[in-house]
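The two complexes that follow have chain A in common; it is paired with chain B in the first and with chain C in the second.
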Partner chain A sequence: MSRQSSLCVVKLVGELDIGQRDEVAAALRLDDGDGPVLVDLGEVTYADSTVIGELLRFRNDAEARGRRIALLIGSPQFARLLQYAGLPEAFAVFDNRAAALTFLAGAGP
Partner chain B sequence: MIPGAELRLSRPADAGAPRPIRHALGAFLAALDVAPVIRADILVAVGEALANSVEHAYGHEPGAVEIYARVRDERMLLVDVLDGGRFIEREATPGRGLGLRIVHAIASAVQIDTVGGTRVSMAFDTAPRRRSGPRGQSLAT
Partner chain C sequence: MTALLLLVVVPILIVGGITVRRLVADGFRAVEQVRAAQLDAAAVLAAQLDEETGIRGYAATHQSEFLAPFEQGRRRFADSFAALDRDAQAVPLTDTGTIADLKTTNQRWLRSVAMPLLTNPSDADVIQRFGKVLIDHFRADITQIEDQAEQRQAALDVSTRRTIDRINLFVLVAVVIVALAALGFGALQARLAGRLEEQERAAAGLRVAYETERRIAETLQGAFLQRPLPTTPTVSFSATYVPATEETNVGGDWYDGVELSKGRVMFVIGDVAGHGLDAAVSMNRTRQALLSAAVLDPDPAALLVRVNAELVREHGRMVTAVCGYADTTNYVFTYATAGHPPPVLFEPGRAPRLLDFGGLPLGIVEAPVYQTFSVQTLPGAMLILYTDGAVEHSRDVVAGERQLLDAVAASAGSDLEHVAARIHEQIFAGRAAGDDVAILTVMFAAQADAGSGGGAARAIVAAGARGREATLSGRIVSLDDRLRRPKLPTQPERPSRRIAS
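Moving on to the complex of A and B:
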């Protein structure tokens, strides 16, 4: 027996720094499902290490439950931030929604 | 860039301080014709120094965080982030402790003085060019 695992989408928008830490932490919560997770950062105009920290926690939560996670970005700025932080491989990062969904449809975490 | 141009700002050191300071610095950099990608990187580095300051400088005591940005010459911009409190690199949760790494990756030079408060002094090269990323990736600017 199999069933379609539904996609969990978390969308963050705007300028996110230490002043929005509580809101970002509240938004980055897993649903009760077991499907893959897409974090949509396409409308984030600024992010700092506060956001990276919360995303790392969220990624760890998702992977601990065997759920694949991908980040969708709207500009190269967030990818550069990960490089500057020394974490270029910490997340599966896509600038294209279809490519992210293809990745998430793959097997395994 | 206009040698001698400078920006000084002071705000109460709370979690809401970094955003308006970044906005003011962003407008200053735009007026100096700093390229958008370099501008964004400088705002990230300064934003990390500001975040570190407002999180740890004073504990629960009120205080101020200040920024002093000035153009040294045609291509170098100097930015100091100052407070009267203690310096602690954030490491409490996963991902913390990344702030200074980001600052060092973006700035050409960084100096941290902790006598009588904390001053994080950063120098930025604003000349558009191709730069090597932290792991050797070529980052188009």
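Moving on to the complex of A and C:
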């Protein structure tokens, strides 16, 4: 997890399943700031339902604190998986970092 | 001077000491009574659950030795109830109506669920029809009694604390006047605190033991609930469930098929995130919630909204599901999905295709939006529902979907009862699956029955006949092959470069 000015970036990589649940839960934590949040899943190719659940809980936290949040994804297989979970209804999802940052820099959350 | 001091102080100490002792003793007696009432309530619930477990066991096995918990529960119920009644009056708990209702509910349950099953064990349907509602009602009563006890307890805690404050003040004065006396009261205080702690520990231990017992009982219920899929002249089901190869990975997949009324057959498939006992318990809860909600609400989206609210309230696990109805009068499948991969539709003479889907998983978000989809099909059409293991085995779901569609096309001609198993075989070809896989197929009979006439023309789905829909968050849409997705009200702006919208 790294921070750029007030932007909170959470980055996960690889195939994520119940075996990494604790690590994923630990990584998905908001900083104390009030800036927007980018969840960088550009290098994630698979996530099982426990990880999807963690992502949704993270989104609930961010929303409760009024923080704008975006998902960045790379693999089309992973995009389809997120679609199964209805995630595009809960998150702004992008396949392009610049577009995600533009969205996050937009009007307040 | 010393004599005078003693003459003043000693009577004060004696009178004060007696008063404090009485106050403290009263406080503890009341606290103990509340605890006793709480434990009685737990015992009453345990007795009712034992009765229920026994009946389920008997219904599932038809063997009378499985009735043992039922008999024990019946015996214990009377004693526990009498104890609860007595202790609740001693506390006193104000709302005695709820306690009386426990007995009434238990009797109703015996009359409408246990007795019919004892006389006719194959009528396991009554568990679904009345059992769940009555047991839930019973639990709600227990919760209410526990809440009352807790409130009373909180009030008593305040007064006990106030009493202890008074002792503190008294001791302080005593310390100033007579150091020895102060020491005496300090010892008394320490003893009181020790007793409080001890009681807290005992209560916590009982709570843990009771929780464990309850979880095991509910898991048992789940195992007993494997009900057969219905067969009707116009709709046939087939299903397969293949657990994960590693035993520890056995999870929360399930499916159900229920004939709700003539011409309307409900289907459900679902998957609880995670594995193990908790997942099984969560699965069973969600399953029962969906089936009992279906009796109240005909609209699949509204049903998901209802069950989601229940799961969020219980802080349950995340659950994905598809539920809906096959309407045999007009060959329409009506369904809604929650975080679940899309259903597949096979129609004679056409390539199998993925249907519309959308909506967040159940149990995570307070007020998600679900959408009811309807698809007009033809005689011989088959809906294929599956859990994620069927497409995620290679962790490439795009390839997984292709394989699934191929498997459906290759299996569509097989024996009606074995379509689901054939599809599984086609996909896995004997390879081991790392996750559970459930597949459920729902098929309209190929021959139109005499009554339905030409009703299968591409009619507009009869949304008008369901007047309530507009007021619910789900709505009926008539579908073609376009993908329509509901939008979350909490996401006011649409970004320009979204991948899926």
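In this text, the second predicted complex is superposed on the first by the 100 of 109 C-alpha atoms of A that agree within 3 Å, B and C clash if a C-alpha of one lies under 4 Å from a C-alpha of the other, contacts with A are read in each partner's own complex, and residues count from 1 in each chain.
The rule is simple: a residue touches a chain if its C-beta (ideal position, glycine included) is under 8 Å from a C-beta of that chain, and two chains touch if they have at least 3 such contacts.
In this text, all values refer to a predicted model and were calculated from it rather than measured experimentally.
Partners chain B and chain C clash in the overlay (superposition on chain A). Between chain B and chain C, more residues of chain A are touched by C. When the shared chain is aligned, chain B comes close enough to touch A:Gly19, but chain C does not. Once the two complexes are laid over each other on the shared chain, residue contacts for A:Ile73 go to chain C alone; chain B is not touched. By the document's definition of touching, neither partner reaches A:Asp34: not chain B, not chain C.
Of the two partner chains, neither chain B nor chain C is touched by A:Glu43. Of the two partner chains placed around the shared chain by superposition, chain C is the only one that A:Ala92 touches, whereas chain B remains out of contact. In the superposition on chain A, the residues of chain A touched by chain B in one structure and by chain C in the other are 15, 18, 46, 48-50, 52-53, 56-57, 60, 77, 80-81, 83-88. Touching chain B in their complex are the following residues of chain A: 15, 17-19, 21, 46, 48-50, 52-57, 60, 77, 80-81, 83-88. Of all residues in chain C, only 271, 273-275, 317-318, 320, 338-342, 357-361, 364-365, 368-369, 388, 392, 395-399, 401, 435, 485-488, 490-491, 493, 495-501 touch chain A in the complex they form. Within the complex formed with chain C, the residues of chain A that make contact are 15, 18, 45-46, 48-50, 52-53, 56-57, 60, 63, 70, 73, 76-77, 79-90, 92-96, 99, 103, 106.
Note for the complex: chain B touches chain A at residues 15-19, 22, 40-41, 43-44, 47-48, 51, 54-55, 90, 93-96, 98-99, 101-102, 105-106, 133-135, 137, 139.
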